[in-house]
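Each chain gets a letter, A, B, C and D, in the order it is written, and its residues are counted from 1.
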Amino acid sequence: MAPNTRRFLFGSALVVAAGLCTGLVAYYSGVLPSRQVVRGELAFIPADVAAVAYADVRQIMDSEFRQRLRSALPAAGSEKDRMLEATGIDIERDIDAVVAGLQGDGTPGGIAILRGRFDRSRIEAAALQHGAVEEQYGGYAMLVGRPHTFDDGTSSHRLAPSVAFLGDGLLGLGDADELRRAIDVSVSGESLSAAPDMMRLIDDVSGTGDAWFVARVARMTRQPGLPEQVQNQLAGVEWLAASANIDRSVRGRVRAEARDDRSAEDLRAVVNGAVAAARLFAGQDQRVTAALNSLQASGSGRQVELAFELPPSLLELLEARAAAAMSPGPAAGH
Amino acid sequence: MTPVISAAHVSKWYGQVIGLNDVSVTVQPGITGLLGPNGAGKSTFMKLVTGQLQPDKGSLRIFGEPVWRNPGIYHRIGFCPEQDAFYERMTGREWVTALARLGGMDERRARDAAAEAIARVDLEEVADRRIGGYSKGMRQRIKLAQAIVHDPELLILDEPLSGMDPLGRRRAIRMIREWGRQGRSILVSSHILHEIESMTANVLLISSGRILAEGDVHRIRDLIDEHPHTVYIRAADPRGLGREFLAHPGVISLRFEPNALVVETAAPDAFYERLTELAASGACGPIEELTSPDDNLQAVFKYLVRS
Amino acid sequence: MSLVHDQSYRRYTGARRPIGRAWIVILRTTLGALFARRPLIGLLLLSWVPFLVRTVQIYVVESYPQAVEVLAVSPRTFRDFIDFQGLFAFFVTIYAGSGLIAGDRRVNALQIYLSKPLLRTEYIAGKLGALMVCLALVTLVPAVMLLIMQVLMAGNLALHRAAPGLLPAVLLASMLRIVVPAMVMVALSSLSTSSRYVAVMYAGLLFVSEALYGVVARATGSTRVAWLSLPRNLDVVTDAIFRLPSQHDAPVVLSALVLIAFVVASIVVLERRVRGVEVVA
Amino acid sequence: MEQATPRPGAGPAGTGVLAASMRVFDLSLGRMLWSRRTIFTALVAGLPVVVALVLRTLLAFEVPVMQGGVTGPVVFGLMFWGFVVRFAIPVLAVFYGTALIADEVEDRTITYLFTRPIPRASVVLGKYLAYLVCATSVLLPAVVLTWLLLAPIDGALAASFPDLGVDLVIVVVGFVAYGALFAAVGTIFDRPLLFGLLFVFGWENLALALPGQLRRASVAHYLQGLVPHAMPADTPLDVLQRAMTGAPGVLECALGLGLVTVVGLLIAARVVSNREYVLEH
C-alpha cells in the first residue's frame, strides 16, 4: 500500500475514532452517574412490583418545555405553593429525582423514593400536625400517618400515608406497610436488583431519557377498574417500557414486548394503523402534523416500538386552544 | 517432447466476423515468430493462447494443459500485450512489483524480482517515475518487464517492438534472443518480417484468420525481396535523414511528411543497419518513431494465397 | 473512351453546404447513432404509457360526465402530466446525453470535427439539438398530443376557452423542461471523457440539490428554499407558467434566475471546453 | 469458483481466492482512492458536513434558521435519511460497483490481471473490497463530522450516540449490499450505470411505494428498516406506505442484505470467470 494511501486511511480512521471516543465519553459521563444514583433508590423497591417509574425532576423542571408548560398552564403553580408552605419542599428546586414502585394487582399501594434536599424538621412538624406518629423501623425514622379506608368500588383497603427518612437525601413516601417492606427488602436484598427480567428493561431505558417507566403488563391489567376492551388489547403484551427526554421538546419511545411473535405482529398492525389514521385525519395544522410525523413505529420479533416527539410548537397550539376555550368570546363557537 | 502450444482446429468468431479459422498448429520450444498483416488474426491467436478468449471450436493446450479457466498455467506464461495501456499513476517499479505479487510472491521477493526484471530491460533509472511520464519505448520495455518478472517458461509477446526507436528495437531484439538462448520458449508477433527475422528463423505466417505457412523464414524472405519495403520515420530532422538516404543503395523513393520521412527500399537489411548507425551517432537528431506499413507484406501474402 | 480509368485524386466539385448549416449533419449523425440503441427506443416507448393513461382519463371524462367529480380534466392535468414525464426525461437525458461530447473527447474526435469547416457553435448546436429532440419526444410531443386528444374527444374548445393560456403554457413548460436539462447535460458531457462519470455528475447534481433542499426545508420549516433544488425550480416556474398556486413558497423570479444561471453556466462551460480549430468563412 | 492449481515449477503457492483477492485489493485500493472518482465521492460526502457547518455558523450568529421543535439530532436524522441512506450509499455504490471490472476493461488493463495465476473471481472480490474501503473511508468520517456538528444543537451527544453507532454500521452494510448488487450489474450489462440508476431511483422507489411483497425485491427495504431515526414523511403516500409496510425486523434486514450480498458477489464472480473480454483498439 502506498504511503499516501496509508495516510489517507489512517486520517479517515482517526476522524471516525475521534468522533466515537467523543460520543463514548459523552455517553458514559452523561448516563452512568444517573444510572448509579437510580440503583441506590431501586434498593428500596420490592422485586415483585408491577411497575417502576423514574423521573429526573431537576432536568425536567429546568427544561424549556417545562418553562413553556408552566406559562401555558399557570394553575399548576398553586399546588406547588401549597406544598412548599406545608412541608418546606420546593418541587422545582429541592427534588432531584423520584423513583416510584407500583403494585398493580388491585392493591392501591405503592411507594415513591425522592432524592433531594429536605428540611426534616419542617416535614416532621407538618406531619405531626396532621396527626402522624413517629416510629423507628429497621434503623430508619418514619412518620406514620393516621390510617384511613380507601374504597375502589370492588373492595376497600386501609392505608396509612407515611414518610420515611431513608438516609442521606432520600425520602420515602407511601403507605406505612409498604415503606416498612421497602426497608425490609433493602436489607434482605429482595429488591428490584434481584429481579433480572425487570432490571434488563430498566437498564435499557434508564440511559435514554429524563423519565422512564417499566411495567409487567399482566400485573397491571389485573387492575379492577380497567375496561375489558383494554385488558383484551393488552393481553398479548408482557412488558411495557417507556422513556422520554424532555428538553425543548419531548422525545419519547414506548416499547412493548409481546408474549410471542404473533401477538407482536398484531400489535404492530394496530399501532401502524393508528399512526396512519392519526396522520390522515390530522388536518392541516403544521404543528400537529409535525408531531404526528415524528411518530415512528418499528420493532422486530416480539418487540414493538413507537417513537414520538412533541415539539414546542405543539404547546403553542395547546396554549391557543386553552385560551380559546377559556375566553367565551364571539370566536368561541368556531 | 510436449509441444509448448498445440492448437487443433481452433476457430474463433466475433459475432459474424471470423477471427481465426480452423487453425491447427504446434509450436515447439524456442523462439517462434507469428507474422501477419494487421487484422490477420495474430492478436486473436495470442488472446486464445493466453486464455483471455475461449475457442468457439477446437482445442488449445499450453504445455499439454487447457488454458481457458486454468489460472494456474499463468505461473508458466508471461504475456506482453499489444495495447498501450497502463496504470499511469503508478511508478514502473510499483506496477511490476504489484503484478509480481499477483503471481503469488511475497512482498520482498516481489520487490527483488521486479528490480531484476526492470534491470533486464534497462529501466532502472526511470523505475521510480510514474508510467504516465514514460516514452513509448520505455512503456514497451516496462511491459516486457512485467512479462518476465515471474521467470516464466513461455513468453508471449504481442507486437513488442511497435513504436520503439531503432536503438530500443536493437536492444529489445537482443534481449529476446538472449531469453531464447536461456531456454525459454517465446512466441512473438509482428507484421514486419525484418523484425521477426532478426529474432528467429522459425515463423508462422498468418493471414485472414488462417495459418498460411510455418517453418523457415528464408523462403519467405526471398519472396519479400521482390517487393519494396516501406518505412515511416518520425524524426526531428527528416530532411537530414533524407539527404543521408538519398544515395543509399536500395532506396527506391523518398517522401517527406510533416516531421517525418517515408522511405521505400529494396534492401531493408542494409537500410535498417544504416538507420541504426545514424540514430546511434545522432547525426540527424533524435528519431522518435519508426513504423513499417504492412502493404509490402500484404503483397507477399497475396502472393502466398494465390500460389 | 480509354479502357484504363484515371485513378488519380479528383477534387470534389459538387455544391457545398454554406458555413452555419453543418450543425444539421452533426444532429443527423448523432440522432442516427442514438436511435440505433434499442434501450433508448424502449425508454422512449415506455415514456408514452402515461400519455395512454391520460388519454383514457380524458375519454372516460368525456364519455361519462359523472366521472368529472374524480377525474376532471383541467390545466392541472396537463401540468401534472408534464411533471410526471420528468422521470422519463431524466433517464433519457442520462442515456442519450452523457456520451454526447464525452464520447468524442474520449476518442479525440472533437479535434477532428473542429478541423472541418464547422463552427464550434454548430457542433454544440448539433449535439444539443439531438438531445433536445429526444427530450421533446418524451415531454413536448406527448403533451401536445394530449392537448389534441382532449380537443378531439371533447369535440369542442371549451377547456381552451376557459383557460386560454393552456396551449402556450404547455409549449413553454415543455420547452423549459427540455432546454434546461439538455444545456446542463451537454455542458457536463464536455467536462469529461467518461460518459459514466458524466451520468453520475448529472444524477448527483439533481439528487444532491434535491436532498439539500429536503433537509434545509425541514430544518427551517419553510419551502422558500426550493431554489436550492434544480427540479424544484422547474416545478416553481412551471406552476407560474400554468398560473397555478405553487406547492413551494420560493419566489418565482428567484427560481427563474437560478435556472437562467444554470443555462448561463452551461454556456460558459461549453465555451471553455469545446475548443479546436475554428474555420472562419 | 476456479482455484489456482499448483504446477510443477510454478511460482509460490498461496494464490487461493482469498489470498489472491487480498493482493488484487492491495493493487486496486490506491488506484481507486486516488482517482477522479474520489473527488465526486468527497463532494457527495462533504455536502452534509458543509450544510452542518453553515447551520452551526448561522446559529452562532443567532440567525433563526431552525423551526420550532427541530433539534440538531433531528436534522442529523434528516441528513442521514436524505443524503446518506437514500442518496450517497446507493449512488456511490452504483458509481464504484458498476465500474469494478468496467474500468479495467475501458482502460484495457484487465489483461494484466487476467493473465496472472489467480482466479478471475478474486479480481472481482479484491476490487470489491477496495471499493468498500474506499467508499467507507470517505463517507464514515463525513457522517461522524456531521454528527459532531449537529447533535449538540439543542440535543445531547450522549443521547444520540447509540444511534450514531447504528448509523455507521448502516453505512458499511449499505455499501456491502449495494456494492455487491452493482458489481453483478456491472459485469452483466454493457451499460451498467443506467441500469443501476434505474434500479435505485426507479425500481426501488416504486417497489417501496407499492403494497404487497414487491418491496422485498429492493435493497432499500432492508437497509431503511435498520435506520434508527424517524423517517421524514413528505406526502400522505409516504405515511400510508409506512403504515402498510411497517419496518422489517433486524433479522429480516440482516438476512435480506446478506442474501443480496452473497448472490450479487457470486453472480459477479461467475460472470467474470466465464466472460471473454474483447478489448477495443
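The definition used in the following text is that contacts are C-beta pairs under 8 Å (C-beta built on N, C-alpha and C of every residue); 3 or more make two chains touch, one makes a residue touch a chain.
These numbers come from a predicted model, not from an experiment.
Asks: Moving step by step between touching chains, how few steps can get you from subunit A to subunit C?
Replies: 2
Asks: Could you quickly compare B-D and C-D and let me know which has more C-beta contacts?
Replies: B-D
Asks: Approximately how many whole Å separate the CA-defined centres of subunit B and subunit D?
Replies: 43
Asks: Quick one: report the Å distance separating subunit B from subunit C, using the average Cα coordinate of each chain.
Replies: Going by mean C-alpha positions, subunit B sits 50 Å from subunit C.
Asks: Centre to centre, by mean C-alpha position, how many angstrom separate subunit C and subunit D?
Replies: Subunit C and subunit D have C-alpha centres separated by 30 Å.
Asks: I'd like to verify one number: the distance from the centre of subunit A to the centre of subunit D, where each centre is the average of its C-alpha atoms, in whole angstrom.
Replies: Taking the average C-alpha coordinate of subunit A and of subunit D, the gap between them is 40 Å.
Asks: Indicate the residues of subunit D shared as contacts by at least two other chains.
Replies: Where subunit D meets two or more other chains at a single residue, that happens at 26, 30, 34, 67-68, 70, 232.
Asks: Would you mind listing the residues of subunit C that make contact with two or more other chains?
Replies: 221
Asks: Which residues of subunit A are in contact with two or more other chains?
Replies: Counting only residues that touch two or more other chains, subunit A contributes 2, 290.
Asks: Would you identify the shape of the chain contact graph, picking one of line, ring, star, complete or other?
Replies: star
Asks: Would you please name all pairs of chains that touch?
Replies: The set of touching chain pairs is A-D, B-D, C-D.
Asks: Under the definition above, what is the set of subunit D residues touching subunit A in their complex?
Replies: Listed in rising order, the residues are 26, 29-30, 33-34, 67-71, 74, 133, 137-138, 140-141, 144-145, 147-148, 154-159, 161-162, 164-165, 168, 225, 230-233, 236, 239-240, 242-244, 246-252.
Asks: Which bits of subunit C are touching subunit D when the two form their complex?
Replies: On the subunit C side, the touching residues are 39, 87, 90-91, 94-95, 194, 196-197, 199-201, 203-204, 207-208, 211-212, 214-216, 218-222.
Asks: Inside the complex, what are the residues of subunit B that reach subunit D?
Replies: 14, 50-54, 65, 69-77, 79, 81, 83, 85-87, 89-90, 98-99, 101-106, 109, 146, 150, 153
Asks: Can you name the residues of subunit D that touch subunit C in the complex?
Replies: Against subunit C, the touching part of subunit D is residues 36-37, 40, 43-44, 47-48, 51, 55, 65-68, 70, 75, 78-79, 82-83, 86-87, 91, 94-95, 98-99, 102, 106, 191, 193-194, 197-198, 201-202, 232, 234.
Asks: List the residues on subunit A that touch subunit D in their complex, please.
Replies: Contact set of subunit A toward subunit D: 1-2, 4-5, 8-9, 11-13, 15-16, 18-20, 22-24, 26-27, 29-31, 208, 245, 247-249, 268-269, 272-273, 275-276, 279-280, 290-291, 293-301, 307, 309, 311-314, 316.
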